[in-house]
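Two complexes come next, and they have one chain in common, subunit A, joined by subunit B in the first and subunit C in the second.
Right, the complex of A and B next:
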């Protein structure tokens, strides 16, 4: 006997796309199991929801710019789903965070207008929906900015951040706070845990207050708590008497972990299962259906039967799509056909690292309902979709949330129809 | 010696590390103490400096508790905890093995010595002045939670137990915790299995070698685990499943012995590994096939559930939650704290007990806030730590099922 379990839907991947799809499926009454080789990219991403930042010039109003963007990119996931797919996904996400385990923590913004937030090196980055703890960092707002370094956090260079903001015409300066965390260095996660502690915040605020000038907005690395970021952020604002905003750090990302925690919490509350560490090693097919996946568990394989499969395993970065030495790309989990490979003779990579990279448009071939080609029951969501360059477009979380929402709705509609029949 | 231990699949997994830090977010230890710089730093980063010709005396790897959450979280499939176990072995080989580590790694020896004189042994283990001496001489922390000898063994009960004549044969791997400290848990496991139509066989068995392995005593660990594999393999060969309630010990059989001790090629172990199940994994599977009896009576209680790290290392999710949800009246609050801190024998050690308590603080706080009267947890050492840290009783999830079945 090899163990086998049956679900309505098996979701592969525990990033934003997979967890949001799975949670919405569970909330809709489906029996769902998420299988993932490991934790997804939430822990590495800034924790903002970027929908459309560049097209190709910086986008002020993503909602308004989507029509033109879609017309110019007919293969893009947004074009397949339609612009109207995005808003309900963002609304669901914001509500999910608010119902989450971090009391009072919320997101602000939407499709109407991008925030212009500073990165850790002081570049300006457009983002549609952002944590409340980052909103005051919008560089369009008036008032001087004070970027605060924390000595133990050696990966955050306040002076570099402030220097680049000054070059962009913003009145910014940097200060550094030396505070005892019981060790000579800490990463953003270690520091975020400290900020969950009110005594630590009091000590920190006392030191920082002496360095601030009236009217300054205070930019801190995004370490303002993990369990209670709303509490930590509001407490710090109150103690300092200044507006405070978080600036995303190098990984690990505390705001990203907050998203993961909220999504997993919601998935569990909805009755969904999460199995981490388990890698899909084989597939069972019946005609055009993937009827089961065989996943590696310690000691043996476990077969997960499902009526529907959602593939949300990511793209090249996660290893879900590989480029072989024979220049063939393949989807490594289910062996699905791909689309978007640059034709022979055309350039595959650009010389500029952050410039256009034709190869990155490769993804799982899907139809306009995001159903994978040649299958009747495998939906695709997130970075596995073809036709996008999220790092250039500033569209990563938008694609993940919109497609997660889109495929969850599609599966639920099928289930309702099947139940009615 | 070191090189032949290092199986290529393990070492080559290093190449997949992209230094993303996700393992660092999962590590319970590095988040509370600077003595352990974290799985990425000690693992994939330091590993490239470790070569047979250039031994590294980087001692911080000994502060890894071996919980394995890093490996489970890694999206690239790097065997971080397993590589760190090898590095610890190598360091201890050169720097020497404390007597304490040799001693606490042998639960069967301790069990055989303690069981016949349980009242005296238990009183001794709780005598403060004596524990202070033991701490000074042996390095076992005076406050560390040590279990009480039951004064009787599970096997003695099993010998007198009248098994049903019919039913699907299943082998019960009870482990040392059940044998010497919690024979009642073993009795309940047998009762639950029999209630579901199994005929339980309990072959002669000894320690799986996990404490030896986690303390870097690889040679002895291999002897123990292979001896156990030889005892269980004849049953596995005819297709019989092996089920256990000690999640760390079943994990040792399923995966850790093969990966960490380099025993991938042993056919007996491979067979046993494939046939071994965690008890909750088995019961959930039965339920999925419609074969689990669900004649549960209501249990009106609020229970907190903590999935031990080594249970999570089975990579099967948390089947106990699904099972406990079947019991009417039972309200289960899932805790999301990482680790209780004890990690087998780690938290017993003088220099590591304070770290273990700090690791466990999050869990203990969550238990207190949950309002639960009891903490369900699959692993016995974790239950002892939870009882120590929360002053609340703790039980294996199967004990709750047993209660709901009114067996």
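Right, the complex of A and C next:
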């Protein structure tokens, strides 16, 4: 007989949706356990909170554009939750980061206006709520820009970034700094750890300062610290005497890992539990309810009983939804029904890479309260929801945070009602 | 207009055309080779990579089997650096007629294909993923051959002997004066500029496009029907030996381990257009099922991509034509148009298979020499290609060996295929190209499991850092490559490869936003 634990809520998945739902549940007094096979998309994503970037043209004011977007996409998660679900979720998130383990680190912006941030190729990407360390990269601001490459980082090329900014009419140039990190190549994570070290920053700033011209804003790959990004960023600005901004690049993502660290910190502070390396191997059902999941962790199995389950396991990217070689899709964790599959015989993908991709909207079938179809106690949040194309719309974190907030509120309301009864 | 002149103009830069250029150069002839795309991007670059032992034809076509067996020995020697000595098995699965095995063994004996029967248990020890219910197994000297390496070696060898090789030059007209072909006009795909090439003999080595080229020369009845076949690359070496089903040749009965992947092939569907690359769902499904028959669990591996190639299947439709090419038992066709049509200075070589490219080239240049009235014997059966002088086969671990020697000096840019920054920069400089697909064929850039997800941005960034490359070119390199790779991915996306594709979408669209480059 495997050990058995009991919680109010079991949350499956440790991405932005799962961790934010779990943390808000814990903060609301619920006993919560997060089970996750691994970390979620935070470590891959740019670390910004994109709510609505393209519809399909670039969106300047996401708050204002949501009404029309929802009307045009009645199956979209935003349409199910309603636009009003988004703002409180962003507010909660920004506050959560500020209370986080990274002193002084904060996000800036909101639904009023998208920031227009350069990507690592120098395209301009709209994003609603962004780390303070990226805000100075808003390309609406006037003044020259200097994009800085770090030779050892093979995942960022300043000359391409600056070249495309110039093509977009921005006064931008590129420089490259060679720093010794003890080896010939590094990724963002390795370099971010270097930037946590004040001596490294001092040496780096000394080299870079010689290359800068007065009045330039300085764009660096998003590697300015993990433990204390606010400290690293402010210190670098002070040493250089220039405004500094981070540019997100290839995974792993330091800004994304900061989000993960802050959310896990908040979850634990609220009394919630996180068990990474857990794979759901079995489900116990009673009528329309999932009453328990059996999870396999480091060679042993534990049964987690819960009144509520939040499924925030992601979509195809995480493997939670899988397309078999028989061309049938299935939800692999709880075996829930899906929605959005193109009919058999119809194309699943389009030949044009940038064209319509019919499979993209596949997700777990839910009702308008985000309860999974045919269940009474399984809520769905994040990329598992159908009807969205987050990487095209620029809506990933917006959907995750809003749905995480939405399902946490729904569960807490049920709990309060049950307690009152 | 610029003009070139040569003894021999070769049109078509696949294995046959490059083979002709090498053979003719070795015989001391002055050669110009033109190819409409990059070298080996037609049928040669779109095959499975099998150097036949001849076993496949042992029953159906003993003459072809004999030819393959002889050429296999020669190619292994002169092009060793392009060949991996995998060896091959013919295995009788429960889905095959058990009576075929004895006919196969007899056919191999009759046609000179080296073949040794081994106990099924022995074959299974060597290839543990094989269907455990095989009842017979035969060992043959099949091998895998890297066609790009081969064609570059041929081209480099020819160039070292004075040949001029012009990729991305398409023949737009064949110059004909009465009954004499005198060369061709070609147009650069890159600059649009045209160039006249005057030649004593023009060789059409355009394979599946040979009919089109003959028509351009005003010669009728050269009918080359493209036989379209699909192939699927799986993400790693499911087998280390070429595996054939022991049955009459049919669809989906060969798995070839080549470089870091395994390729299953193929089908054979007649089509009108050699540039038709349509992949049908039914073909993909059938091919995956065929894979399961040879290797249970085949479909659980990641299918990286699917592509098609166009076999040139020659049929002579000329009334009262020379009889030689009519009663073909051999799979390739050499048309000496002086004999066939009374048009001198023009020779067509078509049909055939990669394994016999050298023989085809030799026979072609023999015909060229006959037309020139010069006796110059072929030396390609004994002269090793550049890079193969030591006779050592390619080994799978070669790249890792080399990489480990430079681990601390050079950044790794493509993790899947172990390509360093130094090699990449050298390839860009050497090729003078900004097309990442050209670099892919040389270095296998982006051909591994992530299909370019991580290396393509890096490569575009490195390219941009080279002298004379502007941002538009770097952008085009990036976007074109991503769009091009997608063509081979989407018809077969499922399982973990779909996961990978989704991660790549996050990178290209979510993080880099390449769709909105200025």
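Keep in mind that, in the parts below, the second predicted complex is superposed on the first by the 414 of 421 C-alpha atoms of A that agree within 3 Å, B and C clash if a C-alpha of one lies under 4 Å from a C-alpha of the other, contacts with A are read in each partner's own complex, and residues count from 1 in each chain.
In this text, a residue touches a chain if its C-beta (ideal position, glycine included) is under 8 Å from a C-beta of that chain, and two chains touch if they have at least 3 such contacts.
Computed from a predicted model, the values in this text were never measured in an experiment.
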item	value
Side-by-side fit of subunit B and subunit C on subunit A, or clash	fit
Touched partner set for A:198, first subunit B, second subunit C, both or neither	neither
Subunit B versus subunit C as contact partner of A:413, first or second or both or neither	neither
Which superposed partner A:319 touches (first subunit B, second subunit C, both, neither)	both
Partner chain in contact with A:376 - subunit B first, subunit C second, else both or neither	neither
Which superposed partner A:68 touches (first subunit B, second subunit C, both, neither)	neither
Partner chain in contact with A:248 - subunit B first, subunit C second, else both or neither	second
Touched partner set for A:302, first subunit B, second subunit C, both or neither	first
Which superposed partner A:180 touches (first subunit B, second subunit C, both, neither)	neither
Partner chain in contact with A:367 - subunit B first, subunit C second, else both or neither	neither
Closest Cα approach, subunit C to subunit B, once both complexes are overlaid on chain A (Å)	5
Overlapping contact positions on subunit A, where the subunit C interface meets the subunit B interface	41, 44, 183-184, 251, 318-319
Footprint of subunit A on subunit C - complex, ascending	288, 299-300, 303, 408-413, 421, 454, 457-458, 460-462, 464-465, 470-472, 474-475, 478, 482-483, 486-487, 490-491, 493-496, 498-499, 502-503, 505-507, 509-518
In the complex with subunit A, residue positions of subunit B that touch it	16, 20-22, 24-26, 31, 34, 71-77, 239, 241, 251, 253-255, 273-277, 281-282, 284-285, 288-289, 312-318, 322, 334, 336
Contacting residues of subunit A [partner subunit C, same complex]	41, 44-46, 54, 58, 119-125, 154-157, 159-160, 163-164, 166-168, 183-185, 248-251, 315-319, 322-325, 327, 348-354, 390-392, 394, 396
Interfacial residue positions of subunit A with respect to subunit B in the complex	1, 3-6, 33, 36-41, 43-44, 101, 182-184, 187, 189-190, 193, 251-252, 257, 261, 264-265, 268, 273-279, 295-300, 302, 318-319
